[in-house]
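Two complexes come next, and they have one chain in common, chain A, joined by chain B in the first and chain C in the second.
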Partner chain A sequence: MTTAEATARGEAQAVRACWSCRGPVPARERFCPTCGLVQEPVAGDHFARLDLEPRFDIDATDVERRYFALQRQFHPDRFAARSAKEKALSLRHATALNEAYKVLKDPLGRAEHLLSLAGRPVRADGAETVSDPELLMEAMELRERLSEAAAAAAVDALLAETRANSAALERKLGHAFAAGDFAAAQKLALRLRYAAKLIDEARERRRRFDR
Partner chain B sequence: MAYSEKLIDHYENPRNVGSLDKGDTSVGTGLVGAPACGDVMKLQIKVGADGIIEDAKFKTFGCGSAIASSSLVTEWVKGKTIDEAEKIKNTEIAQHLALPPVKIHCSVLAEDAIKAAIADFRTKRDGKA
Partner chain C sequence: MSMQILEIHEPGETPLPHEAERELAVGIDLGTTNSLVAIARDTRPEVLRLMHGEALLPSVVAYLDGRQPVVGHEARALIGEHPDRVVRSVKRLMGRGYGDVKALAGTLPFTVEPGEAERMVRLRVGGRVVTPVEVSADILRALKNRAELALDRPVTQAVITVPAYFDDAARTATKDAARLAGLQVLRLVNEPTAAALAYGLDKGAEGTYAVYDLGGGTFDVSILRLEKGVFQVLATGGDAALGGDDFDHLIAERLAAERGGPQLAPGDAKRLLEAARGVKEQLSQASQAEIELDLARAKTRHKLARAEFEAMIAPLVDRTIAAAKAVLHDADLASAEIKGVVLVGGSTRVPLVRRRVAEVFGREPLGDIDPDEVVALGAALQAEALTHGSDTLLLDVIPLSLGIETMGGLIEKVVPRNSPIPTAQAQEFTTYQDGQTAMAIHVVQGERELAEQNRSLARFTLTGIPPMAAGAARILVTYAVDADGILTVSAEERMTGVSQSVEVRPSYGLTEDEMIGMLRDSMEHGAEDMERRLLVEAQVEGRRLLLALRAALKVDADLLDATEGGSIEGLAAVLDRAIEGSDRHAIAAAQEALDQASQEFAARRMDRGIRTALSGRALDDLERRMGGAAD
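The block that comes next holds the complex of A and B.
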C-alpha cells in the first residue's frame, strides 16, 4: 500500500461523533453502535462504501452481492416510520451505493477511481490535455478507420479488435496496480479510456448499419 | 441545452476539414486529446516563408463543441502570423461560440492544438536550418 493510499484509508478509519447521541462512530460504520441510528455515508471512497479493499482485481459476483445486501439495508421501506433526518441519510446511502457500484463494476471506472484515491487522477477537471503522440496517433487512425467503414462487417472487426485490446489493457492494469506502479497504471487507464470511447462510437455506428 | 447559432453553424458546416501533408516542412501538425472523454483533435497549419499561415485544416473526432472549436480556430488563424496565432486564447473561442460551462474544455483543446501545431512547425523549421 502506498503512502497516499494509506492516508486515504487512515482518514476513512477516523472516529466521528453520532449526530444524534454524540457517541463515537468509527467512520466506516453506517449505524451508530450506541443508539443504532443511521449515519452520514463515507465520503469519496467507493471501495469503503462496499467494504472492499482498494484494488483493481475484484470478484464481480462478490461486489454485486455486497451491493444488493447493503442496498436492502437502506431500502426506503425500512425508513418509512423514521425521522426526516434518518430518511435523508438513508437516501444518501442508497445514492452513494449506486454510485460506488456503477463506478467499481466498470474496469475503467475502477482504474480511474483507484488513481484518484492515490492522488494521481487521470484527468484534472477534464481540462487537462493529452499529448501522448503514440496514443493519439493510434486513436486518430482507429477513429478514421471507423468513420470510413463501409459495411457492418468492418465495424464488427474493429469492435472485436478493440474489445481484445481492452481486455489486454485490463490485465496489464491489474499487474500495474498490484505492483503499486501508478505511473504505468495512469498511462494504461488513459488507453482504456480511448478504447472505451472507440467501442461506444463503433456500437453507435453499428446501430446505424442495422437500421 | 440551447447552443448558439455560431456553434451550430460550425458544427453543421465545419470549415477546413481535412489533412495537409505531414512530411512537408512548411506544415505544422498538432495532435491533442481530452482525457475526460477520449476525444482526439488534429490541427494542421501551412506556413509561408513570411511566417504567415496560408492554410489550416483540422480533423476532430469528438463532440459538437470540439468540432466547432477546431473549425473556428482554422478560420481564425488563416492570414495570421504564427506569433499572432499563438496568442489565441481558449476564452475567446468559448466566448465566440458561447460554449456552455461543461464544454469549456473543448476550447482549451483547440487552443492547445494550435499551439502544438505551431511548436511542431518551429521544430521542423529550426531543425532544417
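The block that comes next holds the complex of A and C.
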C-alpha cells in the first residue's frame, strides 16, 4: 500500500461534523448523509478527487466520464439558488475537480503526480536537474533540428517523430510504474517532459508558418 | 463544543430556493449595437418583445435635460437632432481606462472626459458626465422593464452574456452595471458558449463545433465539444476591439472623403456613422448601395459597390480568420475535425464574412438560428437551468492568461489562457532585498511578454513581511478565478502566515464607494431592493437550518428526552412562523435561539457518529485479520 493509500484509508475512518446539521459525516463523503448538503472538500490527491486508484495506466474516457459526472454534481451552476456557504463549497469542489482532471488526463501530469505522491518529484523547486548526458545531447540535437526547420513540412516531420517518441515513453512509463520501479519512472518522466516542451515549441513554430 | 452555523455573507448572495417565491430569471444579451432579453420555460427559450414585435433594443441611450434617460429606437432617432446627447456602442468602453481610449478619441462616437489614465473612462453627454457602467445600467434597466411588462411580474435575476474575450475589468464593469440596474447576476456566460447552448439544445448537436461571433464591437471565436448535455469549451480567442462597428467606420471614412470639405462636427460624425451602418446593411442584400447624405447643410449622393466594400473590410476579416486559426491551433484540432460552425452576431450577415468562414473551416456555416437572437436564447436557457435545475453542464475557460509582473517588467503566467474555470493557481515568490518588509504585486492579463504590453488589472502591496535575508521569505500568490471568469488574488507569507486577500477591483473599475453612491442616486428602489434581498437571504438561511434540524431529528431523535425535544420543536415552530413573515430581524433571532438550543443535540450526534465509526473500524480490522489479507 502506498503512503497516499494509507492516508486515504485513515481519513476514510474519520468522522467530521456537517457544517449545516452538525451531525457526523464520514470524512470521504462529499454530501452529508443526514441533511444532504455539500461538505468541505477533503485534502487528497488528484486520483482520490476523481475516485480513481493511483496508477499510471488509466482509461482516458473513464477519467473524463468521472470528471463530467462529478462536475455535474459540484459545478457552481448547480448551486446558483443555494446559500452562500454552499456556493463557496461548490466553487472549491469544482476548482479541485478541474485541477485533478487537468493533471490526470495528461500522461506527463499523471506521471509527475504519481512520482510526487511517491516522494520522488521530477522537479525540485521548479528547477530541472539534468544529470543524464545522453538525454541532454538528444534534447539539444532535436532543438537544433527545430530551429533549422525551414519549412512547415520539416516541423511536421519533427512533430510526428516527437509525438511517436512520447507515445513510446508513455508505454515505458506504464511498465515502470506497474513494476514499482520509481527510479526508472523518474528518468522516463523527465524525458517525457523534454518531449512535451519540444512539442510545444514545434507547435508554436508551426503556427508561425500557418500565418 | 462551540460551533457557529450562521454564515455571514454579502447581501445579494442568496437567491430563492422555494418554488412559490422563485422569481423568473431572464437571459440578457447586452450587445454593442443591440440588446435583447429572453426567457426560457421548460427549456423552450423565447425572446421577449415589445407590443409591436420588436426583439432588438438598440443599445443607444439619450440623456436629455430634465428627463429620464431614453433607451432604444427612440434614442437612436434622437441622434439626428441631439447627437451630443446620445451614447451608442458604449460596450466598447466597458472596463476601459481613459488611457485606453485617449488614442482613439476622434474616431469614437463619444466625447471623452479627460481624466487619469488608469481610471475608468467617463463620457461627457450634454451637461452631464456618465460612466460606461451607468450607460449600460440604463440599457439593462430598459430590458428589465421590458421583461417585467411582458411577464407581468418583477424580474430581479438574470444571466448576462459577455464576449468570451472580455477581460476581468470588462466583466466586473458588466456586473456593476447590472447591480445598478437592480439585477442580480446569476452568472456571466460567454456569448459563444450561450450560442452553442441554444444551438446544441435546439438541434441536438453532438461533436466538436466552432462558434464564430462577430458582434458590433467585439469578435469571439470558440471551439466547443458538445456531448450528452456537456458543453465543454476547448479554446477561445478573439479581439475585444473588433466588430461590425469598424466596418461602419470604414464606410463613414470613405463617404466623408468623397464629400470633401472640413472635418465634421462630432454630431454630424454620429449621423454619418448611422448612415454608414445603413449602407453596410444594404450591401448584405444588394451588390450596390446608394445613399444621400445631408450633413453640415450640404447634400451629397454616394454609391458603394459590394466589391469595393469587401476590399475595404478584407484586412479586418483577415484578422478574424487569423484568430479562428489560432484558436483551432490552441485546441490542437484540424478544421476537418470541426463538425459545424455556428454564426453569431449581425455582422455575420456580411457575405464576405460568410465566405471566409466557410473557407477556413471547409464547410458552409450553420445559420438555422437567427444570429441576432441566438445568444439571448442561450442566456435564457442558462438562466432557467440555474434557477430550476438542469442536466446540462457548461464548462468554460478563461480567455486570456493571468500573470504577475516580476523583476525587469517581465510577466510570469499564473493562469494560462484556456484554463477551465473555476480554477485556482498559486506561485511562490521571494524577496530580493535584505530586510524587505513589503512586496508590490501587479496583476496583469494578456499574452505578451512584458507587463506594460498587457492589461493592468490591479496593484496591491503585501505588507508586514518580517525582515529576513533576501530570498528567505516565501510569498505564495494565489489567483482564483470563479465561474464568471472573475479573479480574486491573495498573497501569503508562508514563514509567518501574514496574509492578504484582495478581490481585484480593476484599476479601471468603479470603487466600492462610487458604486454605493451610484446605487443611492440611480435606484429609485435601491433601499427597498436591498431590504428585500436581505429578507430573502434570512429566509434561505432559516429554511436551511430547519431542513438540517429536521433531517437530524429523523435519524437521531432518540438522543433527546421529551422536554428537550419539545423545546427544540417549539423553537423550530417559531422560526417557521418568522420565515413566513417579512421581518428579517425576527428570523435571525429565531434562528439564533434554535441554533443555541440545538447545540447539545449536535454534540450528542457527533459522539454517536464517532463511536459508530470507531466500532466500524474495529470491525474492519477484525475482518481483515480474519481474512488474512489486505487488498
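Everything below uses one rule, namely that the second predicted complex is superposed on the first by the 184 of 211 C-alpha atoms of A that agree within 3 Å, B and C clash if a C-alpha of one lies under 4 Å from a C-alpha of the other, contacts with A are read in each partner's own complex, and residues count from 1 in each chain.
As a convention for this text, contacts are C-beta pairs under 8 Å (C-beta built on N, C-alpha and C of every residue); 3 or more make two chains touch, one makes a residue touch a chain.
Every value quoted in this text rests on a predicted model; they were computed, and no experiment measured them.
For chain A, the partner with contacts to more residues, out of chain B and chain C, is C. Of the two partner chains, neither chain B nor chain C is touched by A:178. In the superposition on chain A, A:82 makes contact with chain C only, while chain B stays out of contact range. Using the contact criterion defined above for the overlaid structures, shared-chain residue A:139 touches chain B, although it does not reach chain C.
Contact with chain C, but none with chain B, is seen for A:22 once the two complexes are overlaid on the shared chain. In the superposition on chain A, contact is made by A:193 with chain B only, not with chain C. Once chain A of one complex is fitted onto chain A of the other, the partner contacts of A:160 are absent, as it touches neither chain B nor chain C.
Taken together, the two structures place no residue of chain A in contact with chain B in one case and with chain C in the other. Interface residues of chain B facing chain A in the complex, by the touch rule stated above, are 31-40, 42, 59, 61, 104-105, 108-109, 112, 116. Residues of chain C touching chain A in their complex: 3, 5, 7, 9-10, 13-17, 22, 186-187, 230, 322, 325-326, 329, 332, 382, 385-387, 389-391, 393-395, 419-424, 480, 482-483, 537, 540-541, 544-545, 547-549, 551-552, 554-556, 598, 602, 605-606, 608-610, 612-613, 616-617, 620, 630. Looking at the complex, you find that chain A touches chain C at residues 1, 13-15, 17-26, 34-37, 68, 71-72, 75-78, 80-85, 87, 91, 94-95, 98-99, 101-102, 203, 206-207, 210-211.
Contact residues on chain A toward chain B in their complex (touch as defined above): 122-123, 125-133, 135-137, 139-140, 143-144, 147, 190, 193-194, 196-198, 201.
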